[in-house]
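Beneath this line is the structure, given in C-alpha cells, with notes to follow.
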C-alpha cells in the first residue's frame, strides 16, 4: 500500500520515514515538506540514503497519509484528504481532543474542521483498538499523554487510584521539534535539567480526556498537576505519576492488575524495576512499573517510551497497521538501540 | 588557618580542594586518601596542578578537617579528632541523624561514636546558623536533603503545606561517587533517565528529621514519598516537591513567604521561573521557585543546586566559615560556569 | 539456521542479539556468558524482552557461532568449534592478524591455535568478499581498522596516496567494553575529549596488514601514526586520515575513484560533505568522504561508522551472511536512529 | 578600574562577566547588548544574579573595554574608543591579522579601521607579553589558534618541526556562539561527531601569521592543513598537531624544549600524558603534551583549553591585566570545574 508523509522534514516526519524503510506492507511513495521542497530526501537526511524521493510541496496520491505538520496546518491538509476517502494518521493535536472548545482554548486557534472531530479516534491502541480499526482518521496521541495515560490507566480504571494525580515527566529534547531555538540549543540543554510550562502544558487536556473515559462511575473527575521537564538527552520520556491509593491494596495486587491489563498488548511490558528510557531507544515499546509505596499509601506509576517512537512515529504506524487490517506490530518489532 | 581533607580522592574531597584553592583564610595543609596514598595530589588530579601536596595515608595536624570518607569510616576518624579539640565538618552521613536508632537502621551499621551525636549539628546554615557557629562537629547534609529541605522549609514552617509531601528529585551522576560501577558507566547513563531506590533512599530520614523540627504545633508528622532519579549529567540536582496547600493562599503570598524566609541568606535565591541546575554549576547557590498550582490547589516547590557544591563541598566550606567566625560566603562567592 | 552467541553479556554480544531479533534466516538458539550464566537474557537486558533464552556457561550445538569473548579466551573456544565443522565469526583479535609473531607481540599472549591462522579470513567484505564466502573461520575486524581501512583503501590501492599516513580517530565509549572502569565512568567522559594509547594501539597492526596487501608494487610499506581519542558519546567512530597525494590529482578524480571502488558495496556510501557519526547510529553503514586539500596537496580521507555496527556486530552478521550464501545485507538493511 | 563589556549577551561576553565577578581590580561598570538592551543582566542570565546592571544599547564611560561583538561591528565600535584613549581588548577577529588584505579576503568585508592594524597587538601573551603590555588595542586570539599555536610554537621556533603541519582540532559547541542554529541544536550535536569547514576555516590565517613569525631563518613558510570538528560537549578544545621532525630528536629533548619554552608562563602546563579538555573547564589553563612518535618520526603536539577561557574571555582578561600593569594572572587563578 502506498503511503505518504506530509511534513517529512521534522523529527516525527523523518522518524516515520525511518520506520517505513523496513515495513513489509507500506511503501513510502511520496513526501512533502515546504521548507525543503524540491530537494531529495536523501540530501536533507543523508542517513536515509536508501530513498530516492523528492520532497514535494504538496502530495495526495497515496492511499494513507501520515501528517507531521504543526496543529491547524495539519487539519487544513488532512480534512480534505479524509473527505476524498484517504486514510489519515494525524500526528498533530488537531484530532486528539473531541471537545472543540477545549481544543480551541488550548491551542488558541479556530479548528479548521470541527465537523470531523466526531469521527476522529484518539489513537492509543492499548485503550481504543477496536475504534482505531474502524476509522479513517486517527488523532495520534501526544508524547507525554501516551506515557502518562499508559502509566495511570489500569489503576484509574480499577478504581484504586485517586483522581487527583501528580505527573512529573522528564523528556528528551527531540520532542520540541527540529527548528532551532534558544531553549533547544546544545549549550542550554547539556548538563542541565529544568521544568517548563508549569502553569499548564498543552498535553494536559488529552490526559484528562482519556483518563476520564476510564474512571469508574462515582469517581470524581480527573484532576492533574502535570509538570514537564527537559533533561539532556535526545530521545526518551519518563512519566512518574503519583496518586494516593483509595482502596486497600498491595504490591502483588497492583502487579497483577497491571499485568492483566496489558496482557496481549505487544508494546507494553510491565516490569518490577524502575524502567529506563534507553530500553526504548528507537522502537515502539513502553515499559510500565507500578509501585505501591506502602508507608505513604501512594501509588507511584512509571512509564518510559521513546518520544519519537511510541510517543509519535511508532504509534502512528501502529495505528496505520490497525486501520489497514494488518497485525498491530507489523514493521515495528525492532529492538531498542542499547546502550 | 590550616585545614585538612580526609578522603581527598573522591568527588567531594577533590571538590573541596578546588574550592580551597582560592579561600583567603583556609590553607589546605594536608590531604589523605588510602587508595592513592604516596602520590602527589597533582598527579592524581592534573587540573589541581597548583598544589604541591602528597596524599598521606593519615593526617591530623591541621586545625580543621573536612572528612569525605564513607559513613562509619568517617566517624571512626572524626570522633578522635574532635576529642583532640579539632574542628570537623563530616560530609558523610555519620553525624546528620540525631537519633542513633534511625541511623543504625538506615545505614545498617553500628555507630562508632554515638556519644557525639548530641553535640553534632546538622549543617544546613539557612536553618541552623547559630548552632553551626557554636559547634566543633558538623554533620554536613546530604545532597538531596539540602535541595528538598530548602524547597519545602518555608511552606512547612508557615503551616501552609500538608505534611504529606512527594519529592521527585533528579540528580547528576557525580553524587554516586567516583568509584566505577555498572550503574555509573558512561554507556548506561548517557541518553538515559530512570528512577532508583524507589523503596526508600538513605537520605529520606534526614529530610524528615529537619522538616519535623520546623512544622507548626498541630501539624501531623512529615510523611515523604521520595523518588530519586539519575539523569545524564555530571552535576546538578533538581528537587520538585508536591504537597497540597492546607490553607487558602496565592502565588503572591507564597512568593512573599519565600522571599522573606530567605532574606539575608546569601546562597538562596528565590526566582519566579523554573530554575535550571546549570545556574549552579560549580558554585554554592540554590535557586528556589515556589509555585502555587491554582487549579489543583497543590504547591509545587522546586530547588536546584550543584550536588558537589551546596550539596557537598560548598556547603562544607560554608559551615567551616561559620564555625571559625568568618563571613559565611568567604571564598564561595564564585559565579556558576554557564553554559 | 541456528546460531549462538558466545559472550553475550558484553556490548558486542548484546548488539548481536539485537540484530538477530529480525534476521530472517538466523535463529538465535543459544547464548553463553560466564558472569551471568543461569540468568535469563531478558532479565540481564530488559530491552531484549522478546527472547526467552537462558544464558548458559557453555554452548556448542548451533551451526554458526559469533564469539564476543576477549582475545585468547576466544580462540580457545572457537578453535575446537571450527574443528567440529562449525562456522565461526570471531569478534576478538585472535584471527585477524595472519602473522603469529605480530599477534603475540601485540597482545602479549601465546596464540592458542596458531595452526588455524592460515585458513582464517580477515572479515572486511568490501575487500575480501570471495574469501569470506569460502571460509569457516572469520576474524572480524576491529572497530578502528574498519573505518581507517575503508577510508584509505581506494587511495592506497590506486597509488595516489603516500604510505605515510596519519590517522586521527575519534571514538564513542562503547568500544571500550561494558566492564566499568574509571576511564569509562560517566563523570570522566562527559564534557571531555582526550587522546589515549599514543605510543601505539593494538589495532594498528591490522591497519598495516590490510593496507599493505593493497599497495601497488613499488610503494614503500605502510607507515602509520595512529592516535585514537575518546569523545563523549556512546557509539560512533570518525577516522580522519591524512596523507600527501603522491600523484597529480583533483577532487573530481578522487571522488570518481572512491565511487568506483565502492560501487556495489551496499554498506559504504561515498559522500561529499563531512560525514557524521550519527548517520550510522545503530546500523551497519559506513560513510566515506575523500577530500583533496589542494593548497597543501594532502588527502584528507574520512570515514564514519557505528563502532558496534560495522565496527563489530553488524559486520559480523554481514560476514556470517556471506559464509552461509545469503545476501550480504540480509537482516542488516535498517535505518540509522537519527537524531 | 572601571571596565565595560560590549556585546555581553553572547557566550564570550557572558563569560567575561563571570570572570569579572571576582577580579580584585576590574569593576564591571557597564555592559551593552543590542538584542537585550533595557533588560537587567541578571534577568537575562539568572546565574549572574550578583550584578545589578542594566544592559545598555551603547556604552563608553569605562576605562577599558572588552568587545565581544561579531567582526566588523566590533572594529566599528572599538576604533573610536581607542581614539578616545580607552584601552580595548577586542575578542572579534578584527585586530588579529596585521595584513589588511588577508583579513578582507578571509572575512569578506572591508576593514572599518585599517589604519589601526599597525598598532594593534595579537594578544597571545605567551608569545607577545611585552607588546601586549605596551598597547592600548589588543586583538584577542581565536579559540583554535590559541590551542594550535601554543602546541606548535616551541617546536617551530626550535626548528625541529617541518613547516607542513596538520592540525586536527576538536571543539565543544559554545565556540559557535549563542545564537540558535540547526548545526548547534542539541539533537544534531548530541551523540555525534563530524568535521566542518574542511575547505578552509577563518582561523587558519592567524595560525599561519603567528607561526611564521617564529620560524627560524631558512625554514619554508608555514603550510597548514587545518580540520576542525564539533564534538558533543559545551566547552573545550583539543588541538592535535602532526608534523614530521626535521632534526634528530628524542622524547626527552622535546620534553625539555617545551618545559623550557613555557617556564614562567603561568597558564601553560607541559604534561606527559594525553591532556583532557575537562582539566581546563571554566578556567584559563592550557595543557600541552609534546609527543615524539618514534617509529614514524612524526611529532604529535597536543594542547587543550576551555574555548571560552584561554580561547576567549580568560585570555582577554589576561591581556587586560598586562595592559594595565597588573599581574598576568590576577583574578584568573581559579581551579577547573572537574569532573
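Just a few scattered comments:
In order of appearance the chains are A, B, C and D, and numbering begins at 1 in each one.
Convention: a contact is a pair of C-beta atoms (placed from the backbone, for glycine too) under 8 Å apart; a residue touches a chain by one contact, two chains touch by 3 or more.
As the structure is a computational prediction, the values presented were derived from the model and not from experiment.
Distance from the centre of chain A peaks at D, each centre being the average of the chain's Cα atoms. In terms of residue-numbered contacts, A-C and B-D present the same interface, as over half of their contact pairs agree; the other options in A-D, A-B or B-D do not. Across the two interfaces under comparison, C-D and B-C, the one joined by more C-beta contacts turns out to be C-D. Annotation: 36 Å between the Cα-based centres of chain B and chain D.
Between chain C and chain D, the centres computed from C-alpha atoms are 38 Å apart. The geometric centre of chain B is 46 Å away from that of chain C, both derived from CA atoms. Listed for chain B are residues 11, 174, 178, 187-188, 190-191, 232-234, 275-276, 278, 281, 339, each touching two or more other chains. Interface residues of chain D, counted against chain B in their complex, comprise 11, 14, 17-19, 21-22, 45-50, 174, 178, 190-191, 234-235, 269, 271, 273, 275-276, 278-282, 285, 287, 333-339.
Chain D meets chain C in the complex at residues 164, 166, 168, 170, 172, 187-188, 190-196, 198, 223-225, 227, 229, 231-236, 238, 240, 242, 274-278, 281, 291, 293, 295-296, 298, 300, 302, 304, 339.
Chain A meets chain D in the complex at residues 11, 173-174, 178, 180-182, 184-191, 232-234.
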